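These are the structures, in structure tokens.
You will see two complexes here that share chain A, one where it goes with chain B and one where it goes with chain C.
Right, the complex of A and B next:
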């Protein structure tokens, strides 16, 4: 076929060379990333059980954050239901484990499946709406489920709710803080890997396309409605699965925790967590959760300053939205670039930032 | 048999008739031009054919099948592709990713296959990447493959859009002003390119164009529209010399004064 634009012919080796270099670099970067991840995973160790608890907390919130990554980050739908789906998963886990006496390993996937019919019905009713209208619709459904499903005593265990035991696997008891922390870490890394995989697939790309331009997506043969619905349902299932771990983390499930206004507020918190981390990459939920959970723990210790925590995070969120819309994922990319270009200056910036953060945390804890 | 046929398409917007019993037909492998002043209903015709607008009456027949009740994405699956007057691309995705999105209809693996990296996902990704690699060479987009649409010249985004719709492997391609806003050099290259696409893939092309040089050089047959009605049909020469076409372009008063 005759080609049109007069573009310079690019010699074969010029195309090939960078890509092979990139593969080697990629492998090296992967090793560095894995090392960094292992180091990050080891951070709670010196803090003992309290550290492991914070680690579990962050990992579970990252799981819930991933559901926002799929529905809002990938498909561009603003849903305020993730925490309600997590509650649904948590309640089902309580019912299945405590009510029926089944093991956690069956309860967790069933919790994910239990969200399917609900997310399908809610999705069918609401994904045709856009932006704020969709947000309001999901908010309404969240409140409505809080007043119906979460008042269904037979399933929710009534006012007291369910006490949830720790999972066991043969001789391994996940009741210890260390073991459950490692389990949560492993699972959340698996879910991040899965969510990243979704991004590079037929359906994941369709979601990104729909988010960017619905009209063009349709013109390229994408069923926009079905794609949005799939994102909504997958997000619901992700939240439900995370909900099973939330139930174990909290040790008991009481329906009050998933009714108005806690459910709506926590869903908004999940959205901001993912925005801080980086909304359209799976790692964003992971880093966002760490950042948010660690901060909330640090500030919780600072009794005097705690009332200002909301203001502080709001300020932080606005700064991110203004200057780093890609979140922590973007920040880490920029920093890596800086370190590569100017190692001394870059590392100094990293050190000063870390020191500043630790200093602020120390002052806050001391001042309380 | 015609590859595309419209029968008596009519649509009104608030009492104003935008299309009035428009019937056109396109043979397989034919290049057909659509001519008309602004507001003549050319883009409306494309929107109705591609399913972005529902006509009040009339039929759209693609390759013997009535498609007027299908959704746009279903019409794509039936073999119809279109571009827009104003380039619409996925601005947060790179050129390469834009083209990957365009392979959607050739792929089949599901979400869980992708999440677990199952063989069906692997096969799909390989197919998609092979198709994109080929398209990068066909439309000469390789130098920009990692750029985002905002980093491209307007002309290049036009070619990216063309590459996207060609990726759909359509039986018929509707191009809405492909030459608008691009450099003269690129406009001149567009004619041979469209003929090349037709010869290579056998797909018919219908094009709306204000650049008369391009329209008349590339089209084998031309329809002229004015106020939503077909006013002329024929070879480029016939249409260019048609009284009513001249009238709609030059205006009645001037012709009257000349007469």
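Right, the complex of A and C next:
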């Protein structure tokens, strides 16, 4: 590229290069963000063990959600397999920890690696396909895995499954709710940080380019097939790693729950939380998981409403897809703009929304 | 599962299972061709009918009388999904379309679970005669014979309706070239709704053939806690639809019979294979996907129009 030619204007946003200059404002924002995160992490404290348990759920679902973020949000591939990979990771964790007696710290990375052969084979066979056909192919493969891998008694522990003990690290026992919550929180924040980093890395920007326009990406010298395959494999490993934590969280892995991605409630819940949070940002999975898990607990608190939660979350999934496809990340951006432009009105809107949410939750729980 | 050795008996099981897959596939193809939506929530819309069937017959209604009501309810559910949701999405954005279809599946299946209540099992009484027929030493189930009959009747009915009737021709026009059809004065939303209604009705009929007749004389059972068997039914249905490249209706029925026969004849296969019905279907589907069957049944222009 010659410098004499005028550089064309870079289109706004979409793919921003990583800013290496730590400006003052940048650093201040980072400190504020860290403070807000610490405050968020402290929210479960007043609720005691119950709060920590909910926190664990949200964190583990966020880990699994990140795999949807990578494959669908970044690379634009529709894959119905993430929850199957999570199940694969969970089953492998059970086998390695209970069957072989290895520690969790070895089992978790091995669970991630165990997804590799499956995701490679499926990916090589199907990532070239067009969106719709890819969806059919992934649906088919995960259903076939439900019939083969998840019925392999030697690995899955048969009908009873595996009982998974909680991890230990020297004197620290992660069996207590607080400790495991902190572990999950740390791990999920690390994974979110990594996934955000992936977005600005060379590979991540290639994925976004492929998602936005395959032909253009190819013209830029990006190997479309390899990029897609990388996204598929990375997403599988992320789900497998999350599956290890899912196994510990559930305490018992039975292979029955991973049969059909379009009929399995948790599988659809993963899609919902990622879409509601914001599908093309890593923080979307994080906040989406918190939002959906907390809401499901509010519904559970109000016994009468609990059976409606499935319809409720599906309703919101569709609503967000129709009107705010960027999810909560997009909503928060819009709201921030509003606050900047009209501070009084904007803040009033934010306060009213928060108050309404808390009020409805309160009424829900009180009414039962 | 009784092990039938006689190949003709196996074939009768296979063709009747195939007719059901064909009906599901027919609905999928009809909806996809007219509105560009591959309905991953197809089974859940059919489930609406199954659940209302369970509820109505549980209240003491005659199964045969409950059947048409349930089909109408499923049609309503399908049309509602189209009018309220799918009509508003650009079909060029297939990712959103598929995610929404998954959401629709979740919505209707949790609605169905709500109606079923959290009982371990709900019984579904059969509505087809459950007798067995003895022909030349072979035992054929009457329900299979009727299922094959229903499949044939629907195929013939569709054929004439599409060729002869005005509404059938209008529907075909919308499916082939939406813009030209609209210019010719055809109300595309109306005919797309019609396609959704028929497609959903076919899904309901298919599930109502399978579910209440799965366990012989007692009828069938359904449980709120495990609806996955319904979700896995989509696999052979997608396979059948792929035989017709997702766009050809008669080939979808043929594909259904092909997948049904394959599934039932696996019973005769050696030990590990006879259990792997879905996996064998999966292998066939991958082959069909790699063959890119759609190019045999639609022009490039038509295929582009499907997603534009």
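As a convention for this text, the second predicted complex is superposed on the first by the 335 of 368 C-alpha atoms of A that agree within 3 Å, B and C clash if a C-alpha of one lies under 4 Å from a C-alpha of the other, contacts with A are read in each partner's own complex, and residues count from 1 in each chain.
Assume a residue touches a chain if its C-beta (ideal position, glycine included) is under 8 Å from a C-beta of that chain, and two chains touch if they have at least 3 such contacts.
Since the model is a prediction, treat every value here as computed from it, not as a measurement.
Undergrad: Looking at A:50 after the superposition, I want to know if it touches chain B, chain C, both of them or none. Which is it: first, second, both, neither?
TA: neither
Undergrad: Look at A:105 in the shared chain and tell me whether it touches chain B only, chain C only, both, or neither; answer first, second, both or neither.
TA: A:105: touches no partner chain.
Undergrad: Under the stated touch criterion, which partner chain does A:220 make contact with: chain B (first), chain C (second), both, or neither?
TA: first
Undergrad: Once chain A of both complexes is superposed, is A:259 in touch with chain B (first), chain C (second), both, or neither?
TA: So A:259 only meets chain C here.
Undergrad: Once the shared chain is lined up, is A:212 touching chain B (first), chain C (second), both, or neither of them?
TA: first
Undergrad: Could you say whether A:152 touches chain B, chain C, both of them, or neither, answering first, second, both or neither?
TA: Touch partners of A:152: none, neither chain B nor chain C.
Undergrad: Mind working out whether A:136 is in touch with chain B, chain C, both or neither, as first, second, both or neither?
TA: It touches chain C, and chain B stays clear.
Undergrad: Does chain B (first) or chain C (second) touch A:204, or do both, or does neither?
TA: After superposition on chain A, A:204 lies in contact with chain B alone.
Undergrad: Which chain A residues come up in both lists, the one for chain B and the one for chain C?
TA: Overlap of chain B and chain C footprints on chain A: empty.
Undergrad: What part of chain B is in contact with chain A in the complex they form?
TA: 50, 52, 71-73, 76-77, 81-84, 88-93, 97, 100-102, 104-105, 107-111, 113-117, 121, 124-125, 128, 138-140, 142-143, 155-156, 159, 164-165, 167-168, 185-186, 189-190, 192-193, 195-197, 199-200
Undergrad: Mind pulling up the chain A residues that touch chain B in the complex?
TA: Interface residues on the chain A side: 1-8, 10, 15, 194-195, 197-198, 200-206, 208-209, 211-213, 215-224, 230, 234, 280.
Undergrad: Enumerate the contact residues on chain A facing chain C in the complex.
TA: 72, 76, 78, 80, 125-126, 129-133, 135-137, 139-141, 143-144, 146-148, 256, 259-265, 268, 271-272, 275, 307-311, 313-315, 317-318, 321-322, 325
Undergrad: Quick check: in the complex, which residue numbers of chain C touch chain A?
TA: Contact set of chain C toward chain A: 38, 40-41, 43, 85, 88-89, 94-96, 98-100, 102-107, 109-111, 113-114, 118, 226-228, 230-232, 234-235, 238, 242, 246, 275-279, 281-282, 285-286, 289.
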